[in-house]
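Shared between the two complexes below is subunit A, which pairs with subunit B and subunit C, respectively.
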Partner chain A sequence: MKITIENSEAKFIVRLADTSVILGQRLAEMCSKGPTLEEDIALSNISLDLFGRADELYKIVAKLDGDKFTPDDYVFRRNEREYYNIKLVEQPNEDFAYVIVRQFLHDVYAKEAFTQLLNSENKELAGLSEKVLKEIRYSYIHCKDWINRLGLGTEESHKRTQSAVDHLMKYVEELFNFDALDKKYFVDCEKLKATWNTEVDTVLSESNLKRNAVAPLSMRDFRDGFHSEHIGHLLSIMQYLPRAYPDAKW
Partner chain B sequence: MVEQKEYGHLWEILKEVPDPEIPVINLVELGVIRKIEERPDQDKIIVTITPTYTGCPAKKLFNDLIVEKLKEHGYNNVDIISQLHPVWTTDWLSEETKNKLLKEGISPPTPGDKIITCPHCKSVNTKVVSQFGSTPCQSLYSCNDCKEPFNYFKCY
Partner chain C sequence: MEPGDKVWEVFVQKKAGLPFKHVGNVHAYDKKMALQNARDLYTRRGEGRELWVVPADAIVSVPLDEAAAFFDPADDKVYRHPTFYDIPASVGHM
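Right after this comes the complex of A and B.
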């Protein structure tokens, strides 16, 4: 089965859907590995939100593209180069600081992106955005709180968190290399970038963390289906069962 | 809440369907059932529902429970339409429903998550333990007065 997406709005929305499902999978990997029971439950809950969000987004994609495929087809039957998630969310769970910093950088981005989509002419997308924003609020508060605590915590927690920031910041630049689709469906791309920068800088500086200069990444854009090497490993695990047993039903 | 003027008998039937996670309230009270239509010409019932939380594991179960309940009453041909707009909110829960939650040991949603009542001793001197609880719709709290832990139904 070759999955293709023709409709231009669907091509735009699938980026958000892919970003949600990949981040959801990364957080699902944390299930039973959280540092405390409450944190384990929190990460699994956020993962569930992301899967639910992806499911609804894929339904909109499917509808716009003539209902040729189901959400499961999009998730389980596409290869690396057919995924359009931001590279940030496919980065592995190196340690707890990575998990939290990655989530925080993503949430700030998603918060402003879905705020802009509240004005979408697509009623389903506008409605979903309203719902998603209520969910992101909890995840955002959670991560921001952890960034503060880790940044202002012990020498070790500060060191690890700074190292996660330095590493993950490399994958941020591409978020703001907007293309024609972004400009068509986001209300204000420049505002998306400005809001992100202001919020991230504020939280990092109140947590005694620095935003060091990063060398530009020689990797091509996620909008064209380019990724870091990690996504292949992630997909091989996530897609194993439906690939091995194509007729399996939930 | 929604208009329940038409097809009152069908609304009554669906009031028998409990929320799978919080059985003390039913799907009509929860506000997930938005519209019911009977199409006698096609011998069909159309139920429009809206999801509570996008990641709620009970999402699929809602559909099955609705179909099953209507079948029990002799309606074999049921279509379920899921619709995101207008967006489900905890504002749709009536005071009566919120009291049922409180009695069940779940602190009901309050605007902005500001004043959270302990369902055990009714004190409002409470603190959050974790924003995320045993289900996607609940947070974990504990009471500073009676020291008991409890679930709080998040405000959405």
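Right after this comes the complex of A and C.
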């Protein structure tokens, strides 16, 4: 079964849905591996929020596209090149600093993106945005506080966090290479970029972290289904069960 | 956990006006982390609308070996319960 998405608004929303589900899966990998029991539960909570958000977004995608597919179809039956998540969220959990920095960079983006979508003409999307913004604000606060602690903490925590920032910033540039769909469905693309830069710079500088110059990556855009090397491994684990046992129910 | 962490006692208020109830404790390094950990452990199923966290070492409690002196004398003073009075019917529920 080939999963196709025709409707232009659905094509735009599936990017948000894919970004949520892939980040949710990355965080789910942290379950039972958190640095403390409390943080383990916090990360799992955020992961569940992301899966819930993705599910709702896929339902909107399905509806816009004539209900040909279910959220499960979108998640479990598409291949790498049919996924449209931002590359940032598929980067692996190298250490706790990576997990937190990745989440923070994502949350700043998601916070402004869903704030703009509050004004969407699609009432379901506008309503969902209001709900998910509360989740995003919490996750944002949680990660911002951790970046403060790690950046201002020990020599080791600072070094690891700076190295996570330096690495993950490579995957940010593409967020702001807006295409026609972005321009149609976001209220103000330039504001999305400006807000992101201001908030990230503020939190990094108050945490004694630098935003070093990043060499441009020669990777093509996530909007066209391009990825880093990591997505295949992630999908093979996430999709294994429903692909091996298509009739499985849970 | 590592050195530097503390135990914080967690209190949840279910609705405005109701008393805060002790629900358990969390480990955390600072106030913000204590609140966030408490939120994630104790209020993710709609249990509350407000949270307090208190460093466990800020709570003063009766030493266990003095518990008898503190509490046992209350055991045989039934007259301290106001159960010997007739309450006029017109008072209704007290």
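The rule we apply is simple: the second predicted complex is superposed on the first by the 250 of 250 C-alpha atoms of A that agree within 3 Å, B and C clash if a C-alpha of one lies under 4 Å from a C-alpha of the other, contacts with A are read in each partner's own complex, and residues count from 1 in each chain.
Heads up, the rule we're going with is that contacts are C-beta pairs under 8 Å (C-beta built on N, C-alpha and C of every residue); 3 or more make two chains touch, one makes a residue touch a chain.
Values in this document were obtained by computation on a predicted structure and should not be read as measured data.
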Task: Joint occupancy of subunit A by subunit B and subunit C, clash or fit - done: clash
TODO: Check whether A:249 is in contact with subunit B, with subunit C, with both or with neither, and answer first, second, both or neither.
DONE: neither
Task: Partner chain in contact with A:38 - subunit B first, subunit C second, else both or neither - done: both
TODO: Considering only the touch criterion stated at the top, classify A:149 as touching first (subunit B), second (subunit C), both, or neither.
DONE: second
- [ ] Using the touch definition from the top, say if A:128 reaches subunit B (first), subunit C (second), both or neither.
- [x] first
Task: Partner chain in contact with A:50 - subunit B first, subunit C second, else both or neither - done: first
Task: Intersection of subunit A interface sets (partners subunit B, subunit C) - done: 38-39, 41-42, 45, 138, 141-142
Open item on the list: So in the complex, the part of subunit A that touches subunit C is made up of which residues?
Closed with: 36-39, 41-42, 45, 138, 141-142, 145, 149
- [ ] Give every residue of subunit A touching subunit B within the complex, in rising order.
- [x] 38-39, 41-42, 45-46, 48-53, 55-56, 123-124, 126-128, 130-132, 134-135, 138, 141-142
- [ ] Show which residues of subunit C lie in contact with subunit A when the two form their complex.
- [x] 1, 5, 26-30, 32-33, 36-37, 39-41, 44
Task: Of all residues in subunit B, those that touch subunit A in their complex - done: 51, 53-57, 59, 84-88, 129-134, 136, 140, 154, 156
